[in-house]
């Protein structure tokens, strides 16, 4: 299997307000092969989203300092200028944002927002793009596509927005999809549909996925390998099943504990990892 | 050239070097003309254009300031000075080719004298309070009868444009004269006896006049005038833009501009193809005056209080002595003005009284006068009157006239050296006039007047104590002071005296009184400044309006 | 070294600091400028009203360092006037008599903060020599002194009027946008009515109704309130527009869910979203008001002669004769421009610092 | 729709109010059109009084207002004192010329302001942005009149452009292309002056509004999808930043008749400017009120357009 | 007629009683006549008893969030009544509303947009206290810091702004804010969706402690059926805008009535089963 993305010693530190700084990601290294699904788990605030943003070069200089090496198809992304990066974003690597309400323009129709993505990477007429956008929306499981198309972001429900964001990310058949909590706002049935769609894409179009999710079921459905993070570092990495069966790190254990609420009932003590 | 002289036509021959026919002259106007109706025009731009389109019976030659024949080729005065018989020129045609006759004259005067038309010329034509009467003697002679002898009767006819009866009478009869000859009418409906006729009017942009082929003047050599084919009046609303465009050669003639701009233009005079003329003092006089009205009924106790100063001749003399007239000339007019001590400017050679004293500025003398009048000074130099009140007053000026505001600022500084606190209050012109003529709510004011004519008769209303424009105390029932009574007497007398020398001595006395009793403190008279492109021939500007274009029929381009 | 490299690459903490530094620098420069203007009496060599009728439109006085014989002088000096009869306007002729520049000289009295009287000026030359750093105006008054004194009135008037306009704008615009409906309709139609009226005549009328003698102070207040009143509608409409949209944000809804009152919501959640617009509008209004005085002067509502103001200094530039003949009349404008450049830089830095992401 | 209808009714009421107030204010200022004639020594007080009564200036306010209202319904908006003819046609010709000038200038100014404002917001802190900032603040500090005079001077010195007017003398005889060219040549300077005068505030507003938006998460998201920078600015950032700009745009429309007053005077554009300045100073009441009414229509329309645009671009705004 | 749960009848006065509630959105294009009417939910009847938890689950877009917003009085329902402790909430005005609002607090599904990006974390959490004029400034701050700690946020982050937090952290920020006033009814709209298991457990523990300390009721909207099964007393299932199933938790999981409920329950699978299927 060919390596699609190789990340080495990635560091992200945010400039906080004032002179403080926050090392959100520290010395993270991993690889994703073509057609592979790499699961990424970790407690809230451990730096998952930061990795995703860093991969796409979306952290501005004023906001954060990014260092290390990110090689996509053998090319170093951190050395690329804005124009070259733009060519990779959306088609090479695409990102489905964790919080869709933040990722959608408040004043643009949903269809247009998806069409914009298509338009950016295919030089076809705007009308064609809009038509394709409808198809892309239909693919992520909307029944009343027509209404969704002409709606604005604030007129959708949480789950609908999340699917729109996923449709955007998938619109241009990326080589690597970074899905940041793609199913968090979806009910069990829709979640199943979406995961099935992703699985199908991965199998048929050989796209790779970096799957960020805190739900073990989600990871179990798709992930080939799993990477577990804590406090900005990778604590464990390996085939999903192996980690699931024999978690060696306490964090992994906590992440994959299947029946978390039950433990509450048992009043178990948690070791907080912050 | 198109039109040849017809039998019986009596052309008027003019002085001035013969020029070339053809060409076009471009002149900028500050604003658009509002109407082409001579009886209704009130503003200068309209009159400037109308002057080119019309002619009068007897004309004041701007060059010599004397009268000369125009449509009337000659005239005679009856012994008692109350009847004028005018012989009209034969064979004259309006610009549309219709012949001109005595009927047109009687019609014109009927219009001007009609009090339903409210022509501003009407008041000119009232002599001794009664309208002059016009009688047609025959087709080419008319007789004017006056209620009393009138010294400047001939001059009355100047600028009374003769109207074409054939075009205007029906409208006039129908009561629509007020709408006649507005600018929105097609050019074909206008006709006049002037050197040019209307060719085109583009709202907001320009008026184009073309040569009147029927014009009745010819040059020395007998060539029919005017020389120019076209006169274009462009509307250039700001003075600076006018100056710049004249400088660049866009326009050919420039008048009515400030001394500052004169200086600017002068610098490039040699390089660019134009020349400038400083004609010396014109007829405008600027003066400072104090509120002398009877304020008893007006409820202005503060100003009434200050009137004790204003009415004290020594106070006025001190103010006059303290004002730096030379400074005003230099700072406000860059030297292109003339200091004056009475109302007749040096430009008015016929009427100037040479004997009037022209004392230089003297703060020393001013202080003495004030001291003599009971004023004193505080330790910090502030001037106190006999009652111990600080001398403080305000001077009204018109905010739209930058020069006068500047003069006021200099006066303010001059008087502060006497310890007076003076405030300059620039007001919108209308508000100022309202205070001067209506509410009398002012202390002192700075104004300028321009005589319409060099003759003193045009100033009757200013100097008669009953006059409307007797600014410092208008509309008096009977003269408030002995010297005002004397002025009244002198002015009335010169009005009915026909002999120039006698009139001059009467008017000299008026000037003396003004210079001595200082009802108005005359300051400066700006010079008349004009410019013209070098290619304009026969350019002979004058100090009377229209300064540069009065002989437009003789102007030509080389 | 490393520090500089980082700066050049724009890749280090320094960038964030420079944002603050920029503000600090701009504020320092602004306050220095204002300080000089406030202490105009001390920094100006002459009284702003003193006329020198022999020297109208005198060019800036040349300051010499080398005397006639080629010797370098300890003190810079100027040449005195040649006392010949009238000098042509705009050309001051110098005599050979040198007058050294002196520091802390006694001259015309002035007031500091309107209370203390002093006669000490930072610099000056002895009479009859005159030192016009920026030339003289048409009355032979020192432009430099007039510039400094003029700043006092103009800046204060500009600032106060702008604050006035913007506050009324916030109030009217905030209320109209927040409540919408008929309140909005009434306020906005009112603004339109206000805008449409021929206020020029209103000013004519106001001026005509004023007493003849009013103090500089009263004139000033009048100036400020007229300018402030004229300008409230634009900020009001701008703010209303933003508020119309801003009040629909989810966090406003959330705060309402906590029982927040309208006033609280407006103050804490809605109006802060208009910050950028307000700041921009405010910074635009200040110079606009300084210039507006030009028009008001024409109406007799400006600060009267002989008081100087920036507006009046700029007014003289509007004459072709001045524009084309006396280059030094541009100097005040050339000083006012950097002032406003710094002013805008400060505003920009402020906006950057307060910038937060809209949703 | 209902909203529009209600707005229209309100606007008509507003126009009515404006006319009453305008008359009232004109009444407040002392003096009338014929006042200056009183200072002419050769015209008697009687004549002045006669003129005033001929034009109805001696009548009480309500009667004059009623007369005026009648004339509005006749469509002539009263008679100008100065011209002695109905106001409406006088205004119409000149308003057309003014609209040609301001329309062109506004279009250009907005296009420039948006592109330059966006550009400088996108590269804020870089030298281009700084230089632009200095240029705009200088333009803001230079009095308009000085700017226009300078332009006139340039025109005169270089001779590249006509220095005034709207059409050359032989305009009527030109071909259609020639006419357009001639008009464009005359239009260039005044339009440029107007653009330079109106541009700086617009640029600053555009820039500041864009800076606010450029760091919004959804803009980052758009970038994440590889959408080109130009499109990000135009399609994502601008519509969200548009709110204050739309209000300003409404103002631009509102000022279509008045914004060009000074340019027209200095560069002798035959628009409403010089005409109105004349009328205002002469207190030609019906002309002034006519112009006020005309520009009020633009004001009302401008604000209506602005509100409609606000409503159309921002779905979160509710207006009912 | 909506289904009713079999438990709790006649036990106490219900804290919240919702009946016949409907909400209809109109989605229209500016300046055009054609509009799309969206029935977010219709004729919803629910009750919550003091100290109990009602979970609402259902299809995405079924109208859960809209229902929550209506109950929290942030939107006006098109029809129906909402009673809190016997008082009609929709008829409240002024002062009563002010008081009523502190009783019902809601955690938005989109925490990020519900947090003012201009305020700091500390200010955000203290805001309800400020609005309800509770305590002094320093007391409010102390309370805010305490709450931050309780939801697992470092108190030293007090001065950070919402957009400088991670998604899960923002969600916890919103939870802390909702808890600040000590409401009687807390509406959680997918409040835990972005949290990892450990943090979910932490928050749930906190909520249960609060519930135990004083009668606090929850309206818990969630997709996580496992969590619901452990945590809720009653469950209502929404499907296409209506409540199709409303039962005691145990009985619902044991015997789902509506076909959608069945389907929903069926689609929940354990990791084990998934792994089994994948290896197959």
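In this document, chain identifiers A, B, C, D and E correspond to the written order of the chains, with residue numbering beginning at 1 in each.
Convention: a contact is a pair of C-beta atoms (placed from the backbone, for glycine too) under 8 Å apart; a residue touches a chain by one contact, two chains touch by 3 or more.
Owing to the predicted nature of the structure, the values given are computational and were not obtained by experimental measurement.
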Could you tell me which chains are in contact with chain A and with chain C alike?
D, E
Among the chains, which has its CA centre at the largest distance from chain E's?
B
Comparing each chain's Cα average against the average over all protein Cα atoms, the nearest is chain D
Farthest chain (mean CA position) relative to chain A
B
Quick one: chain D and chain E, Cα centre-to-centre, how many Å?
54
Distance between chain centroids, defined by C-alpha means - chain C, chain D (Å)
26
Can you compute the centre-to-centre distance for chain A and chain E, using the mean CA position of each chain? Integer Å is fine.
26
Within chain B, the set of residues that touch 2 or more other chains is 240, 244, 400, 428, 430-431, 434
For chain C, jot down the residues that touch at least 2 other chains.
204, 208, 249, 320, 324, 357-359
Check each residue of chain A and list the ones that touch at least two other chains.
99, 101-102, 106, 155
Which residues of chain A touch chain E in their complex?
14, 16-18, 41-45, 47-50, 98-99, 101-102, 147, 150-151, 155-160, 163, 181, 184-192, 214, 216-217, 220-221, 241, 244, 254-265, 267, 270, 272-274
For chain B, which residues count as touching chain D in their complex?
31-32, 34-35, 37, 40, 42-43, 115, 118, 120, 122-124, 126, 178-179, 182-184, 202-206, 208, 232, 234-238, 240-241, 244-245, 247-248, 250, 400, 428-431, 433-435, 437-438, 449, 452, 458-462, 467-469
Okay, in this complex, where on chain B does chain C touch?
240, 243-244, 258, 260-261, 263-264, 267, 324, 327, 330-331, 334-335, 392, 394, 396, 399-400, 405-406, 408-410, 412-413, 423-428, 430-431, 434, 441-443
Interface residues, chain D side, partner chain A - complex
215, 217-218, 220-229, 231, 235-236, 239-240, 313-316
Taking the touch rule as given, give the residues of chain E at its contact with chain A in the complex, in rising order.
25, 27, 29, 36, 38, 57-61, 63-66, 109-110, 112-113, 152, 154, 159-161, 164-172, 189-190, 193-202, 204-205, 208, 223, 225-227, 230-231, 263-264, 267-271, 274-275, 278-279
